[in-house]
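Below: a set of structures, written as structure tokens.
Two complexes are shown next, each including subunit A; its partner changes from subunit B in the first to subunit C in the second.
Up next, the complex of A and B:
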């Protein structure tokens, strides 16, 4: 490695506390000039908090941040900006209905009162030549794909002349190909232009392929730091999860009796604009089986899950649970043990301003022991929540905190505790592991498998093909609102499935 | 954020409003200090003024609920005025039908009729919102105009008592059927109704299964649907309860004050209720002191007019200043809370 050893940025013994939660405890990090440094850790390990301390979004309680070799007071993100530190957040900060050019110009901190668009356009077009990604300046950001938006965010920072670029999980919205392109180009920039990059991730592959150094955090503490060339994945995994690391083997038990539990007959569902998103879809799920629905997002999976969850009325067809017509009403839901884990649990399955304990009680708040004669018994809810929080390792373990204050992974755990805390009879799951680290993923997979083994009928809708291949007993490919191909994990051929997912399968399979 | 911040915000806003109001009356040429004294004297200075204040507060508590209850669902309903009007009208008609009945029966019938009509009016607003996606603020505002027009038509036309010359009204419901006073005060029973209804609804929201469901629907409709809640029915019921409270205010005005339905029903209680609901941050218990405060401002307006030669609208100016400042401080504090919240 020919990287010079000068330090672009370092954090020394940074600590940050939020109420009862010690988010960062004496964490240090050294970013070398012209290198890519990966910050690795599970959800809630403190990666984002550390980075937010560096860019001045938070003020650390203790410790200091040095830029180069000098200590710099970074009081707010604007200071960080002046000092040449730029951050690309996990969620896009672009103005959707403006053009690429407008977004790039408006990102500058000091704008003249009147903008000479002709001049700006020329200047940016020229500088664009030296950028790692080329983007159409006149395209509206609305119409850019997620990958292009991510590139635009990065170009935006580079045009501002940042010397230190911080990326918060930049590849979570990208396909593997796009991720390789983005990270590869960034790596070239560090070599050619002396850019220093700090990248938050929990993907080992990206660390091993693109990073020079890695720092691992575990529960807010410094767990280790190394040159990537000198470590292997196993060592990193151990640093990341400590002694807890255990690969749960997914035992697939044979279930003797397999009555039909979930039946979908010719279900049609319209999307928000009233266009048909699911076309006369039929599907059966038996007890003790996981049926996986694979597909590229936007092929009607979301509308299908929403219809099953009672969040979107179907425009035709029927859903049957245990042979009875099912419409998602509370009585049916409880009688049939129908459980649903939708994607984006904070948006779909929780009330952010209500407490964790209340969110955990959504299924049974109107029954004993959580209420009696119509009056709530909150102490019972809290007691049950304490148990569920311990069982599902929700952090921080505070039943009375609003669930909206929890990190994404912990909201997912809490909702999991609600939906899988009791044995489901029918379980509908959508992208359960989106954005979660691998211990959480392993655990969620194990719990879904356990529910199946105990006789639940599971419908798993996922964009992650590996997840479907790992869990499912039968696989359907969904494309254009229809199930176009059926196979089993043993017989699955990724190339054939890919062709069907892309909508190029033989019509013979369409139903 | 400080635990008592929710109470602090309106208090600070009200204090600031009084300062601004001082500037206004100063510009109008009045002696600022003397005006403050008059407001205090007219509202809370003597037992007599207290009785006036509490009497004015009675309908305000009930109309505030018409905005505060749906607010829990994220709806901004401003139809309290209309619900007061139809409620009062229904109460007067029921009172005339039951004119020979036992006073208790007559009063119960009037209250029920008022709550039902007010409730249906605002329930319709909720149904339009949920079932037809009609903006609830606009529809409830328009219902106010429709209700007032219906009242005017009926009291000037078919239901007019020919003896009412200056102010066309329905016939009187009869003195024996009037709502009495609390003990030997001049405060009528409407104040008791207001207190009881506020307390009951606080318990309903805070302690019951229904309140929990309302929180779920108000917090995230998608999560409520996922849990199988009948969202449409809950929206309708909550709006209906709000409308019923305002309808009861109309009944109180008829049965305790005027004895008849006439255009005094649309004296702005409904609109002032919106203000109180926001000032109380839609909390049923906080509505009680806020309604008393605004009742005091109402009660003291006469004194301001008499002693300082200020126009009748002066108290409206004070109310307006308070309303704007409370809304503005809400926004400021929400931003502060967000900043602190994102640091957690």
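Up next, the complex of A and C:
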């Protein structure tokens, strides 16, 4: 281990303002050489803004970035590269139609005019030996699974010889197993090769297990910094959300009568290319229970939810709601009180250019009081929207603004207002909290739980294992279009579940 | 019976020769379109480039007396139109398809307007290699009269494939075509690369036009092009954005286009217009086939992300 107090990188009093928004206000951070430093914070706390200031993507309004002990002017990401700072972005910057080899070569700053592939392949194959991950050089990147892509991004930076590696939520697309592998190897590299790593995350478990130090941001301000060995999760959570933090365990009421409400029998669904994505899946959800479906994205969850929402015709099997055959028609949705909250609600559950009020009226626009003798009554819609907006705290509270102009969290709230504004009988929810901040997540979870307690049958499809463990009464793991494992939150072991998510530890190629 | 056999061989030879003759403009336009699309933009205006190129090439060849100067001039007008396309498309929220259609109409109209005085005069034609002199079969000799531009195109197609695969510039174009973000992260100037690719693509389409007026069918008239510039877009999709496959696809389209005249030459007179429609039927069929996901596999990411 290198001297524990030598600093690899230091940000001092960095501020950045976008228009009226003070995204960063006098934030400082010290990254020790050969350590992993976690940057923790809610969505919109300024984590990404800070690292983007460090790598020169943004120019800070105030403050400075020191590399080692020297002040460095980093004008753009290229400068950062020259100085040995590499960043892996949350959205992959790989080129899907090119091979692993081509992607690795392309990343090099000074490419020769004509590329000698034989020589490049040999050089990279040799250097690959010392890398923490091995990758097939000739595979096309679009045939790699998400985990392999993440590894490739990291290898790409390491091959460039970076000394400081910045990772933006590197484990968001990985199974717990893969996350452990990636973070474990990176930790080895910090010990062995003196690599210094700054990692943006919102997962406490990863901070506690892998990071040496942690800095917490809250609403663009420095909220605290500590050695991980000296803090516990509760302290970190308090730093993250401030004094508002109060972890109220969600009240899980026992529901006496539990008739079967949603029955799926041998359901098969094809994906866009006609390949079978869901294979003969059977599942039952009773009144007053939340059934969670965990899994890594791309294992048929999207197709399953679309089939339930009536957006995609099943290729086989039956769906029964309240004992009746269900095919996702509007009339059935209304009669059975079937509500669906798909992922990416802006794309899947709203018309972005129509107003919030119109979007809120989708379920009942053709019934009284919104419609009378075939004519829409906009004033009634607007009045109902004002109420719903107030109930669900949609901001800004403008019923006539196009819903597409709202932020992601507020679109989610608006759609939630539509689907949970009346008590659902059957509720299908997919990744309801993707990209939302801590406060919004807590609120949405509470509402889903309330719907369950009032007797709804809830099917929760989520890539967030913590969310499933918190909410579900029963848990299925979905992999390769099948339910491969069943457990309960009390008995669940995340590592075992992770193995099942990854198809028993085999790398699932999402082809 | 034996007469029939000979006729069919003649038809085959004529279709083969026609595939090269009719296919050459397809080849140049499709290579130009391929280059442009690899950078992540569709230029539907290449039909305009083609016609402007035909007109300008013919005019310059007539005035200068050199068909090769004509080819260069045709390419230059293509570069200019490509520049305009790229310049308009890089403005915020401008759609490349709409700009392409506008430029196609502009190019065609401008060519008709400027080309009025060129309908009468006769410009020197591009030279051809007579590869069939060993044969005494006139049909074969005619078919093997191969234009120099075709040879250039045949060399250009694999050269372009190599360029995309093994040169820094080729990789830059592919990167830009695959993902704006990835390209920016690499420090590439996305609009700059697209502009150069569109201009170079325009050059090739212009050269394709020069072939129309300076070799086959030859001369300048308003009915010179029959939509080759537009069909080339379908052809590039069919070729899965691979220059070498563009070559094969061009020959296929050329052969389809030569079917009508070839049948007529052996005295099959019925269905002449029906057979002339073969390339269009082929285009339609290919477009339908191209909507299957398998064919889209080579599609540049920026185009797929629309």
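Before moving on, here are some points about what is shown:
As a working rule, the second predicted complex is superposed on the first by the 279 of 511 C-alpha atoms of A that agree within 3 Å, B and C clash if a C-alpha of one lies under 4 Å from a C-alpha of the other, contacts with A are read in each partner's own complex, and residues count from 1 in each chain.
Just so we're on the same page, a contact is a pair of C-beta atoms (placed from the backbone, for glycine too) under 8 Å apart; a residue touches a chain by one contact, two chains touch by 3 or more.
Here the structure is a predicted model, which means the values were calculated and not measured.
Ranking subunit B and subunit C by residues of subunit A touched puts B first. In the superposed model, A:374 makes contact with subunit B only, not with subunit C. When the two complexes are overlaid on their common chain A, residue A:98 makes contact with subunit C while staying clear of subunit B. Using the contact criterion defined above for the overlaid structures, shared-chain residue A:70 touches neither subunit B nor subunit C, since it reaches no partner. In the superposed model, A:348 lies in contact with subunit B only, and not with subunit C.
Contacts of A:119 after superposition: neither subunit B nor subunit C is touched. Those residues of subunit C that touch subunit A in the shared complex are 165-169, 171, 174-175, 178-179, 181-182, 185-187, 293-294, 298-301. Of all residues in subunit B, those touching subunit A in their complex are 207-213, 215-216, 219-220, 222-230, 341, 343-344. Interface residues of subunit A facing subunit C in the complex, by the touch rule stated above, are 76-78, 89, 91, 93-98, 102, 105-107, 111-115, 117, 272-274.
Of all residues in subunit A, only 18-19, 58, 309-311, 328-334, 340, 342, 347-354, 358, 362-363, 365-366, 371, 374-376, 405 touch subunit B in the complex they form.
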